[in-house]
Every structure is written in structure tokens, then in C-alpha cells.
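Note that the chains take the letters A, B, C and D in the order they are written out, and that residue 1 is the start of every chain.
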Amino acid sequence: MRIFRLINGGAVSSFVVLDGRVFVLMVDPITALKLHYEGRQVPLGPSVNVDLDELLGRDYTYNGLRFTKPYDPPEVWGSGIVYEVARARYTEEDVAMIKGRSIYELVYDAERPEIFFKGTANRCVGHGEPIAIRSDSEWTLPEPELGVVIDSRGHILAYTISDDVSARDLEAQNPLYLPQSKIYNGSCAIGPFLVTPDEVGNPYNLDITMRIIRGDEVIFEGTTNTSKMRRRVEEQIKYLIRNNDVPDGTLLSTGTAIVPGRDKGLRHGDIVEITITKLGTQKTPAIKLKS
Amino acid sequence: MRIFRLINGGAVSSFVVLDGRVFVLMVDPITALKLHYEGRQVPLGPSVNVDLDELLGRDYTYNGLRFTKPYDPPEVWGSGIVYEVARARYTEEDVAMIKGRSIYELVYDAERPEIFFKGTANRCVGHGEPIAIRSDSEWTLPEPELGVVIDSRGHILAYTISDDVSARDLEAQNPLYLPQSKIYNGSCAIGPFLVTPDEVGNPYNLDITMRIIRGDEVIFEGTTNTSKMRRRVEEQIKYLIRNNDVPDGTLLSTGTAIVPGRDKGLRHGDIVEITITKLGTQKTPAIKLKS
Amino acid sequence: MRIFRLINGGAVSSFVVLDGRVFVLMVDPITALKLHYEGRQVPLGPSVNVDLDELLGRDYTYNGLRFTKPYDPPEVWGSGIVYEVARARYTEEDVAMIKGRSIYELVYDAERPEIFFKGTANRCVGHGEPIAIRSDSEWTLPEPELGVVIDSRGHILAYTISDDVSARDLEAQNPLYLPQSKIYNGSCAIGPFLVTPDEVGNPYNLDITMRIIRGDEVIFEGTTNTSKMRRRVEEQIKYLIRNNDVPDGTLLSTGTAIVPGRDKGLRHGDIVEITITKLGTQKTPAIKLKS
Amino acid sequence: MRIFRLINGGAVSSFVVLDGRVFVLMVDPITALKLHYEGRQVPLGPSVNVDLDELLGRDYTYNGLRFTKPYDPPEVWGSGIVYEVARARYTEEDVAMIKGRSIYELVYDAERPEIFFKGTANRCVGHGEPIAIRSDSEWTLPEPELGVVIDSRGHILAYTISDDVSARDLEAQNPLYLPQSKIYNGSCAIGPFLVTPDEVGNPYNLDITMRIIRGDEVIFEGTTNTSKMRRRVEEQIKYLIRNNDVPDGTLLSTGTAIVPGRDKGLRHGDIVEITITKLGTQKTPAIKLKS
């Protein structure tokens, strides 16, 4: 089951893709995912006539029906330094060191993962909607990640594409600025779809690719595969919910392995395109916020 | 614009028929009707694939997607003795008389109409859903009527078919039993559609026909036309809202002119079929309630 | 337990009188009554300093803390012709007759009681708040009654004073005008208190007295006792909920036995004062509505 | 105006202390603070009889009326390294260094403050309720701080005592573990009161003292004064809401200057007592969570 939502004039409706056809979803996405997880019937309405490709081609400037985030996550969390490349990526910067080792290396080798708060629904956008560059950031990067939707007990209900947009100059300046780097309006993009585990199959063999497009040019292209995750999703979830009650529908963004580099910082008008096997392609324009 | 709702596994979704196509309605029906009345855009989703005729053929026993009431009316009111036939219909009964004239004649000739409370959303059913015969009524009749949906200021937002099911033996016994005759579980059926005034045109030239089907037999068939209304709908509304605040979406059932007679009382299993020009056909099975 | 509510600047809070002291009620009145009925603890806050007599002396023109209705009844229903005097009261009017007997006599002698819909919370006022005379009524009377609050299964949760204000000229003109006589803005007053059955004891031995005060003069005074009820409250409830689902907290006003007469119709500025043993005194000014 | 809330059997009510008397608060605390900020009337009920000292003496094991958190903050944020002592406190640990300077020194000297997400209402407790030690932390410290309640535009609506309980061993191990150190069940205590700015006066001259009590012994006592804040509250708020929409009632905990040290880590059963001038004394027992 693949869930998505469309928006029109501020109103939002939910839909499901099932066996190649699109149906009206008669309950909210979190309820649908819980019913599906429990093996119960998800109430579907009639099939709808949509050209998904065409709909996916519209962005937030389109005056009419278009994609929006596939649900409103009550809480969004992120994981860091999950892939080996993440461990390595900072070595050329003036990173924070503890007794001669970078804090990223230390996390990478430690039992405990890095888990951070990433925001709430109002800070998330969907496919075709603008991700943001803080007014006070000169170096903001998209982070294309496998997102997992969990229930309050940590069960995985669905997967999605998650872009953990980060003001990298802030966090590079000082790890204590991580929350300001990570949490702000438009700092997270999710969707276009929530895809249930039965459709995804093995989550540790998914290609993740990202392209940054500036004008007519692809200024960055990178790829990885979830097989390179050092920490299993379940392990991340275990730490996320340890002594920390989260609501049904919490989203965990499971860490990035594609790092565009210092000269590839997002500029107003850039397009970020992220594709994950079985989860589709998320395309979002970047906008620079005003102070 | 024609609004209807479908139900599946307890979940309900709204749709709109526009120029012969069916679309997802992205706001609730009352909001949609208010937007439409104000000439503002009603947020529509994609068109859906439904065979309306086939859907309309399903009843409440169908295990899957089927029609339900087109909205949840916060209050339902009825009008009485609006047509001349209503004035006359009781003359052969032992009706209540005041100084030699029946109370029905008196209302008919009076300036003030009869307006009564008919119930709330939980007492209403939709197309294909069972209307009810009170456990203590032996003579219950359907009353096929033009229903109007109004806003809190009395503006007409939409029309619908309304069946003001009535335990006629109770009210015949004593007009003081009218509320018990009129207000009980399953005493009102609305739909299948809410149709906006621009689609209905002149509301005073609509044919209303009703058939009662028992087994394979049509045991009753009657017809009238709203041109025979003695009291304009606006006049009824004027009295309904005089010193009486009603909520947006209040339904007024504007009186019947088809009276099956004493030997045509509904029995468990009967089917009531009501057709009004431009509003469609409402079909409801009757069930006898247990005490 | 006696529950009341105070209002100040549009905000409302609930309180309880217990053993002569007044406490903050930490849950809404219907929840409190259900907990009390089930023998469970009702969450009380600290005791408060109020001079109940002084508070009861304030009316709706008071700029500050004052009484309002003790709760918001989701539905209000009334019973008619419960006392013998009600049967008799109409004999001198040109009442509706069926085969030589008035419809009131007939109800009085019948097994089935008269039960009618009386309104919703927004049509009710509380102690000190204005009851209303319809703009189109010249003869409106208060009807002082024992009110009972029931749950959805018909259990009696509490008693209160209920004033079933009625436009008597409308219903006298035609029993079909009863809903217009009974249901309009300000047509029902409840309170000041909801009193639980354990405090009331035998509900069939309560004095009900009513005075209508015009300027400095008591223009009417009447008294009765609930022992004169011909129909038990339980019997009325049985008919109210027969095949008719009502919500928790539904109010049933159990019929009047005090009838001021044609020359005692309420005028703008009159004060109605109703006292019922153990339930307190309800005082409401009357206002004439504009059309 | 000082707002507090009491709980009893799971139900919560709000109160106000005004000129030494306690009144029922008839609106929710955030609404009250907004009305007060706008110079509008806050709807108060009657005064109540409470011995505040006695009530403050009860803790969460008390079976009856007791204090709870003064409101439900939709979001809680914290500031770090606001006082000079915070800058210094880590110098003896193996802290993260960037080019020879600790990350704490760097923040202290930087223009940009450290702002971090601290949690949501369900992770907060009130006076007398248990703060928590993570199951996987051996060194958890209370951090007594001036808390400020702001509206969505950053205006200060009230002050309160805030305890930013932190698993110091986690954050000491790696600054990337800060969210796990800061955000978990029972990691934040607020209250007992919300105090409006007019009662607090100058917020930069408040004594903050903290004692940790183990059994009969005070094992730690520390004191500071808000005059030692290096960063003004307004400056912290400016960064908090920069490109980051927060809801009305957001709480910002403005940084600690009292650091008990490594040997003073909280143990199950310890009592933390925090006093701030004009804001009262917050007393909370510590409990060790199970994994």
C-alpha cells in the first residue's frame, strides 16, 4: 500500500495506490497504517482517475490539485552518522575532537547512535513544496534519507523518502548548533508516498540517489544504498523510544550517506531530486528564507 | 453541484458530481455548500471511477462501498400541511377539531405554518439504509418531501430528497403525540444527493413520486408536484428561524402531498422508493424496531 | 451533591456544594454526574469562598461573576399533561377535541404520555438569565417543572428546576403549533443547581411554587407538589427513550401543574421565581424578543 | 498574576494568585497569559480556600488534591552556556574541542547562542512530581533555570522555574548525544507557578538556589543570580524564533549556572529543591527509570 495526499485550495485528501490503481483513502494515513499493520481492512473509496506522473510534475506554484506531504507527522526525529561515509565526511573540516578523535568517528564506533529531534508537522513539506535555506545560513545541504514511520511502540508502519535539510555551516561551526541547523521552517521534506513494509521488502537493499539541479544543470549527483547502513533501523528505533514516549506516526529519518560538499550548498531556486527504490522520487525546490 | 457520501467499514468520504463526472470533495459538505453559495471555489480532488447506478443499487447489507446520508444535519425540522391534499387527507379520520374545523384545515388556512422538530443526524439514514417502524406503531408511513439545507441565516444552500417517516397511528390518536410519531431512530431518510439551487432551477416545478414495494409487488404508487405547495419554502424558513437560532446545515423537510392511506402502512422488508426531478431516487428498506 | 456553574466575561466554571461547602468541580457536570451515579469518586478541587445567597442575587446585567445554567444539556425534552390540573386547565378554552373529548383529557387518560422536544443547550438559560417571550406571542407563560437529567440508558443522574416557557397563544390556537410554542431562543431555564438523587430523596414529595413579579407586585403565585404527578418520571423516560437514542445528560422537564391563566401572560421586565423543595429557587427576568 | 494548577484523580484545574488571594481561573493558562499580556481582563472565579504551603508540601504520592505542572507547554526549548560558569564548568572534562578551544567556550564567545529542543508537555512534570533519571544514565543532574513562556511572536508572557534535567554522562561522552541527554520522559520540571512579568519586575536580578537532598542530608547546595546571564532572554528568543515558528505558550529554559559536579549525580529518591526570587520553590523527587 502506498499512501499519498493531494492539496487544493488549502484542503487535503488522502489516497492509496494498490496494485497500480489509485483509490480514495477513507481514513487518515496514520489510522490506515495502523489498520494495515494489524492485518485489518483499510477502508478504501472508489478508484480515482489520476495521472500520477503528471501530478508529480506539478509544484507548489501550481494553481490546482497537487501533491503535499503524505501525512502530518506529530514528531520527526533523525539519526546521524549511520553510514560509513558520514563518519568520514567531516575529516577535512575543523571538526570537534575529543581526545584526538572526531565526535563523528566516536559516534560511528560507539554502541549508542546519534538521535536528534528534527521537528513537527508544521516544519515539514511534501513533494513539490519548497524546502528552505535559513536566512542566516550560507551552506545548507539536503540529506536524502530513508524515513520510517513508527507507532508508539516502535513498530515500523511505513517507509518514505525523507530529506533532512541541514544548515551545515551552523553545525560545522559548533555541534551545539545542531538543533538550529536541523529544526526550522521547511527543514524537512517527506514523501511523495508512505509505502508499507510488505511493498518495500528488504529495507537494506534500496538505492538512494540525489541530484541537485540549478537552472538547466545538474550540479550534483550522488548515490548510495541502504545496505551500507551500519546501524539497523530497529536499533535506531530502540534508542529513540528508550525512556522517551513518542506518538503513533512518529517519523524517523535514518541518516544520510550522500554529502554534496561545501561548494554544493543549496541556492534559492535549486531543485533537489531524491529517488529511493520502491519509494519513488521526491522533487522539491529550495527557497531562501528572509530574516 | 451534487454532493454525496459513500461509506465503507464505518468510514465516510464525500464526493461531488459536476458536469456528469464525479470528483473527490476535499472539504465537508456543509463547508462546500457555504463556499458554493458565496460563489467561492469548492476544493475538488481528482475525478473518481464510479458507476453511480451500480453503487445506488447497493443497500446497507452490502459488504463494501455504498451510499450513506449525504451529510450529517445538525438539526432536522419539518413542515406540515403544506399541500392541499394534506389538508384534505384527514377528513375521514377522527381528527382533532376546534370549533368544528379540523386542526389541519385550520393550519392550512392560517398564516402561520406548522413547523416541527424532526431530529438530529443520528436519527437520519441515507439512501440504501433502513428507515424504521417504531416497535409500538402499527401504521407507519413514508412522507416523500423536498428537503432544503439552509445556513444559520436561512439561505437555501441545497435541496435533497427527504423522507419524513411518521408513525401515523400515534399522531392520528392525538396530535400531542406528534413528536413521538416524528422523532425516533431511523425516522428520517435523506439523499442520495445534496443538489445546489443552480442545478435545481425552479424548485416549484419538481415531480415527486413514491412507490412502496412489497416483495415483487408495487403496493403503492403516488405522485405530486412541488407546484402544488401552498406555502413557499422561504415562508416556511421565515417561521423556522423566527426567534429560533439554527445551525448552518439545518435541514427543513417541506411537507408531503403523497399519502398512502391506512392500509398501506409500512411493513418490515418493504422498500420505499422516492424520486424527485433533478434530485434522483432514494430507495430505503423498512425495518421494524424492537421494543 | 449539588452542581452549579458560574460565568464571568464569557468563561464558565463548575462547582459543587457538598455538606454545606462549595468546591471546585474538576470535571464537566455530565462526567461528574455519571461518576457519582456509578459510585465513583468525583474529582473536587479546593473549597471556594462564595456567598451563594449574594451570588444568587445577581442577574445577567451584573458585570462580574454570576450564575449561569448548571450545564449544557445536549437535548431537552418535555412532558405534558402530567398533573390533573393540566388536564383540566384547558376546559374553558376552545381546545382541540376528538370525538367530544379534549386532546388533553385524552392524553391524561391514555397510557402513552405526551413527550415533546424542547430544545438544545443554546436555547436554554440559567438562573438570573433572561427567559424570552417570542416576538409574535402575546400570551407566554412560564411552566415551573421538576427537571431530570438522564444518561443515554434512561437512568436518573440529577434533578433541577426547569422552566418550560411556552407561547401559550400559539399552542392554544392549534396544537400543531406546539413546537413553535415550545422551542425558541430563551424558551427554557434550568438551575440554579443540579442535585443528585441521594440529596433529593423521594422526588414525589417536592413542593413547587412559582411567583411572577411585576415591578413591586407579585401578580401571580401558585403552588403544587410532585406527589400530584399522575405519571411517574420513570414512565415518562421509558417513552422518551423508546426507539429514540438520547445522549448522556439529556434533560427531561416533567410537566407543569401551575397555570397562571390568560391574564397573567409574561411581560418584558417581569421576574419569574420558581422554588422546588431541595432544588433551590430559580429567578429569571423575562424579555420580549424582537422579530 | 501567578497561575498554578492542581490535580486530583487525573482531573486538572487552574488557579490564580492575585494580591495574596487565590482565585479560580476560568480560562486555560495560555489564554489567561495572552489576555493579561494584551491588558485585557482575565476571567476569574471565586476565591478559594487553600493553604498553599500545605498544598506545596504534598507530592505525587499524595492521594488527593496536589500541585501539577502549571500548564501544558506545546514545545519546550532550552538555552546552553548562558552563564560564565557554564563556560568554565567543563574545562576539567574531556570535552569536545575545535582547534584547541572547547565547544562550550566557543558558544560562550560566539554571537549565536546554543538553543536546543527540550521536549513536549508529556515529557514535563510539575512541582511534587517525579523528574527522571534515564535507565542508561549514571550521571544525571538537575539544571535550575529561569523559564520563560512566550507567544508565537516571541513576547514574554510569564516566568517560571524550569528544571532542565540532563543525563550529563551522555552529553559528556559526545555532544551529539545531547538530544538523548535532554529529551526523555520526566526530563523537565516546571512550576509551581507561572508568574507574569509585572510581578517579576527585573528578570536580571533573581536569585536561583538549588539543593539536592538525599535522605536527611543536603548533599548539594548552590546559588546564582540571573544578573550573571551573559545573554539576555530577548536575544535567546530572537534566535529561537528565527525562521522557526513556535506555538503560543512555548517554554524557553534560559540556561543554568549551578553545576553540582560529577559526584552529585541524582539517585532514585533524591529531592531537588529549586528556589527563584518571586517564582517560589519547586520541589521534585527523582526516580530512576527502567529500561
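Simple rule for what comes next: contacts are C-beta pairs under 8 Å (C-beta built on N, C-alpha and C of every residue); 3 or more make two chains touch, one makes a residue touch a chain.
Since the structure is predicted, the reported quantities are computational estimates derived from the model, not experimental observations.
Common partners of chain C and chain D, by the touch rule above, are absent. If you average the CA atoms of chain A and of chain D, the two centres end up 32 Å from each other.
In whole angstrom, the spacing between the mean C-alpha positions of chain A and chain B is 49. With centres set at the average Cα position, the gap from chain A to chain C is 59 Å.
In chain D, no residue touches two or more other chains. With chains as nodes and touching pairs as edges, the resulting graph is a single ring in which every chain has exactly two contacts. The part of chain D that touches chain C in the complex is made up of residues 6, 8-13, 15, 22, 24, 26-27, 41, 43-50, 65.
Listing the residues of chain B that touch chain C in their complex gives 75, 80-81, 94-99, 103-104, 106-107, 110, 112, 114-117, 120, 122-123, 132, 134-136, 170, 173-180, 183-185, 239, 242-245, 289, 291.
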